[in-house]
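Paired with subunit B in one complex and with subunit C in the other, subunit A is shared by the two complexes that follow.
What follows is the complex of A and B.
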């Protein structure tokens, strides 16, 4: 079997054009990451390097655990500047003894690069407490109303938000850029489109499929081998590009020290129920992307099994990808749970977590796409194996 | 020549390129029609008034135009003030009611055009920034044709198929070797095939454009091609003298060039790689990745290749930039391409086309093999699937049993069998409270634990079983950018067990695009931010904006339409019929199902409420006296002839407060009930089946009193 999988992989995926494509896309992705990092970093648009230098100097001091002393320090640094700017008494000329250009730019620099983050972090504990309070008062309210589902849901929320606190101060720009980065996904989709479209069509086109099925391992075994090789290919490609994303963002931002901080450190994920750290969340995103891409690859394979020649298969595949992307973009409320692309862009499922009632138990609706993907995979496999064994 | 005709026949009929071409044109047209929304919806909604004024002001902004605008707006101010006082004159006996009616009719005609005038005025103010280049005209048709910077995906895919079929079929069956060895296959065949590719791509892009232009001509109508391009908002920063028609032609020319180049590139890839899959994926990847990946946008146009030409619009776009939030530096998002650069790009493109053509002819051949057959079975499968999808989307059942009455004036309080719902003002914020009628226990309606992180819209609605509220969330993606509102959601709370469900949500960003942030366009849902009240009936969400526009949104499909425009003061809804006061305060009845309007000329109201049989309103023809009548305008009863602060009604009585601190209770025939000492009050909540009145004072305190 292992041999068979290897042969299939060599036939479809370990080819020269594929290597060339992966290599080119790898470089393209690297270029894109560099340009994204430049856009997302607060220093990119500044021609003067002293912002960067000042930031590095201050960041060295304040990074790590936020102690009361650090908080007081930065406030004593910031408050006089803010008052000065609020008075409209600042000058537009360069000043001596400033961190950046003059007091005005100092104030903006501190506000954007430190104060906003620090304020978010210090206020988060309060916010989480509010959520817990709201949820706890809801529990008793809903229990009185005999609404078990809402009571359980609020219990879950209260439990998830209980004793949430942000203690560390780290630069999260790198993680933010990484989690909101979608370009590599389209590259992976293109590679899958190229690789998986031809999986079943090669024998069909050369009329060898009849011959193949007369051989000992021509039926179930080679069918399984094709699917397994495809799975390995998707897995490999996804991991490769995800690793590239992570490493290159690390290199470009120079700092991913926030990896062990909780997910809600990013303001966009303020309301998430997940109590995991940033790196685990990235892994979760990678896994869900993997599942989503695999479902897409499966759709390509099904079309390739039913096609007569490679041209028609490719055309139908390209149109179906365009269609699926189009449907996903319409942002229709119900359809997004069926669409495998909602797994591919997994973070959106976790930013706004919604629940549905299942026998009065709250079930996270971000599980639904996984269930639908499972259904597509099982039904798809059944249809494919029937078709393969009949032909 | 005979052989060439045969070759053409083979490609068009045997390989079904002709069928594909027709199919593509139909699909592209359908997609275009589905996606086409007027760039300025206000123009379409107020077309009559707008056309009336644009006909008088079209063209360059001269002193005369400015004078016209000043005069007209002055006129409107006067008209409005006349309108405000005309009924007072009638009640003072200065003019007769007939004369007043005549004058009102004239005023009504003008005031109906007012919204159209305001839309044009906005355009005028924008145009004034650049008087020499910005002319006034109805821009919708030109905007729909030109003001888009998006890739025409169906065209790209179709051109790719043409080139693949023209060159690929023989290559794929390895017959090109044979062809190449024939006498004709030496050069002529390659040349002819290339000619067919170019011809078909040009025909398809030309045809697609002509169909679009015809459609837009019918839908909006193109006018004044000779006006400068800068008249369109999208191109306002462009520096250079070019007319709309020339620019349209120029963009069209670039698209034809781009499409030709795209076809030739595919042909070249095909003869080079001799593989369908690699050719298609490599070319698509090259196009899409540069399209999504490259920013700032002007670089796309400078690259040699078909992308810039396929997009086209950028060659006429002016520079634009954002200003950095904290360094104040300009960050260019687009830099205008100068004439010299355009000429160089054109030169490179043509050189590119020539080189590729020579390469293709040099490398090439002919023969045939079977191509895609859509079997009947597949077609029927697709038909069944589509049928299934269409049944899933369109089966909203209408709920007729629900006969609740919505009154805008009472939209702060509702009553259900068990609960009272009303706004309560405390700690400088407004909360929606739910009070149990029997136990008197109150609780907040919004139970969402995350409510501190959301913005709850200051309007709510309740019918028999459910209460509805709206919440908005903010987008926090960019840290160094201003966060704008992201999504608005309609939440339904079941009043049995207080479980909540999100019924509908839509994006309210200023622009929306697809997942990769491309194909951006103006978001029409943006004006949900200016919502002043709403209600839900039979799976439709109706809302009124501050300007008095009333929209209906289908909760299943998200489709919405403008029903009518009212004066924004009063609106009622009962059993599928809207009641509103129009621009001259006449009560109008609007039937949702038929769209029919009935004007009640007898009822001139400055705010009204309705219940099942009566209309209670402030009569403008009688010094705003509080009056009660039935829907035919008969049996008028003057309830109070003095100024009334506020009023409300339940099934049997009307409650009002005049300038004193006493609340008067009176029934519909004018028989006085009792007076209630209420003290200083800012509003009252009266409920049909609850024997107490809630009186709000100015500090947010509430007191209950017996009816």
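What follows is the complex of A and C.
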């Protein structure tokens, strides 16, 4: 089987055009990441290098555990500046003894790069406690009303938010940019479309299907080898571009020290029910993307199996991708869970989680796309196997 | 190896492609002749299990077989019509892949592939990409892959189509070499290929077997029905049915016309020796049925 998997990979994926495409897209992705990093860095608006120098200096002091002393220090630094520029009439001329250019820019710099994040982090514990209190009171209320589902749901919420707090201060810009970065996903989809479209139709076009079907290992074994080689290819491409994303964002932002901080450290994930750290969440997103792309790859292969020639297969596959993206963008609740793109762009499933009632038990809706993807993969494999092995 | 096909029928839509065809193959080279669309490739597809017959049975050495059984697939080698193979693979690599598909153990693969490359005279092209091979070289590669598992039954579908005369001769010799102790079915509409290497000939027409036997028997069956008419420039040829003309040759100011016909085609016609081409023309003329 290993031999067959190698030869299937050699036929469809280990080809010069594929290597060239991967290389080109790898470079394009690096350029895009550099551009996104520039745009999303707080320094993008502050073009002068002294902002960066000032930031590095202060960040060295305040990063890590947020102690009372650190909080006091930064407030002592910020409050007088805020009062000074409060009436918006302060001069914008350069001043001596400032961290950046003048008091006004110092104030803005502190606010954008430190104060906002620190305020969010210090207030998060109160916010979480508030959620827990509300959930606990809801539990009693719904129990009295004999609404078991709502009571269980609130129990899940209370449990998820219980004892949540943020104790560290880290630059999360790199992680924020990484988790919201979708360009590499588009590249992976394109590469899969190109690679997987030929898996079955190539045999028809070269008349090789006749030889395959009259060889001992040309049917079931060959079919399994095709699926396995395709899955290895998708896995490799996903891991390659996910690693590139992570490394280049790390290089461009210069700091990913927040990797062990909880996901809700990012303000966009304030309400998530996941109590995992940022790096685990990134891995979860990579896995989700992988599962979603597997489903897309199966769709491409099914079309390849029913196609007449490679061009028509490519065209139908492109139309299918466009259709799936179109359905995804409608954002209809029901279709969202069946759509493999929900997994491909997996983070959205966890920003604000929803639940559905399953025999009065709240089941996290973010599980549904995984279940549907599993079903699609099994049914897809059955359809392909039947078609491939017939006659 | 004895292969029996009994009452094989196949329809595509309303069109009957095979009409209750029965035939038998033993050891030796069989030429399966027929016009395009006669049903030859469909019949072979059914024998190989690529196409499902509407009805009929296939027996191998007296036992009914599901054509897909591993045992049967192990016994066959097949060269399809117009194979392209994988253009980006090298010759050696392609044969190794085919060996893996045929379940040949890895340790035997290298020696067998190298032996076959030498046998089909592709040693210099071993590292060449399949896409860079000429038509003849590709056909030789095709026969090499068909021979990888040392099959008892070798099926070659239009193996010489598109080859130049030199390559065709080389290919015929190759088939003759591999034909020893095997059943070889040569499916073609090129009569001369069959004439040179086949022991037995089966001619198919419109989904039926028009005739079968060895070349001598078939030629005898048409003896007295092949005529030659010689006309000079002044003489008209309007009285000849050109649907029955098997050859037309100019010799100086004369034209010698070879006609296959049950009846005297012209007053001045004389009977002449029979070739397989005449037999083919005689049995494959639709209106004779």
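We take it that the second predicted complex is superposed on the first by the 386 of 391 C-alpha atoms of A that agree within 3 Å, B and C clash if a C-alpha of one lies under 4 Å from a C-alpha of the other, contacts with A are read in each partner's own complex, and residues count from 1 in each chain.
The rule we apply is simple: a residue touches a chain if its C-beta (ideal position, glycine included) is under 8 Å from a C-beta of that chain, and two chains touch if they have at least 3 such contacts.
Just so we're clear, the structure is a prediction, and the values are computed from it rather than from any experiment.
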Check your understanding: Clash or fit: subunit B and subunit C on subunit A?
Key -> fit
Review point. Is A:10 touching the first partner subunit B, the second partner subunit C, both, or neither of them?
Key: second
Practice item. Go through the superposed model and pick first if A:165 touches only subunit B, second if only subunit C, both, or neither. Key: neither
Check your understanding: What is the contact status of A:318 with respect to subunit B (first) and subunit C (second): first, second, both, or neither?
Key -> first
Exercise for review: Check whether A:219 is in contact with subunit B, with subunit C, with both or with neither, and answer first, second, both or neither.
Suggested key: second
Review point. Is the number of subunit A residues in contact higher for subunit B or for subunit C?
Key: B
Point to revise | First, second, both or neither for A:28, with subunit B first and subunit C second | key: first
Check your understanding: Which holds for A:206: it touches subunit B only (first), subunit C only (second), both, or neither?
Key -> second
Practice item. Have a look at where A:386 lands relative to subunit B and subunit C in the superposition and call it first, second, both or neither. Key: neither
Exercise for review: Go through the superposed model and pick first if A:268 touches only subunit B, second if only subunit C, both, or neither.
Suggested key: first
Review point. Nearest CA pair across subunit B and subunit C in the overlay: distance in Å?
Key: 10
Check your understanding: Both subunit B and subunit C contact which residues of subunit A?
Key -> none
Revision key, fill the gap. The subunit A residues in contact with subunit B across the complex are 17, 21, 25, 28, 31-32, 35, 39-40, 42, 45-47, 51, 105, 108-109, 111-112, 116, 127, 130-132, 134-135, 138, 141-142, 145-147, 149-150, 154, 157-158, 161, 173, 176, 180, 182-183, 186-187, 190, 193-194, 197-198, 266-268, 270-271, 306, 308-312, 314-315, 318-319, 322, 325-326, 328-329, 331-333, 341, 345, 352, 354, 357
Check your understanding: Quick one: in the complex, what on subunit B touches subunit A?
Key -> 153, 157, 161, 164-165, 168, 172, 273, 275-278, 280-282, 284-285, 288-289, 292-293, 295, 324-327, 329, 331, 370-373, 378, 443, 447-453, 473, 475-480, 496-500, 502, 504-507, 513-516, 558
Review point. Subunit C touches which residues of subunit A in the complex?
Key: 3-4, 7, 10-11, 15-16, 202, 205-208, 210-219, 222, 391
Review point. What residues on subunit C touch subunit A, complex-wise?
Key: 48-52, 68, 70, 73-74, 76, 78, 80-89, 93, 97-98, 100-103, 106, 145
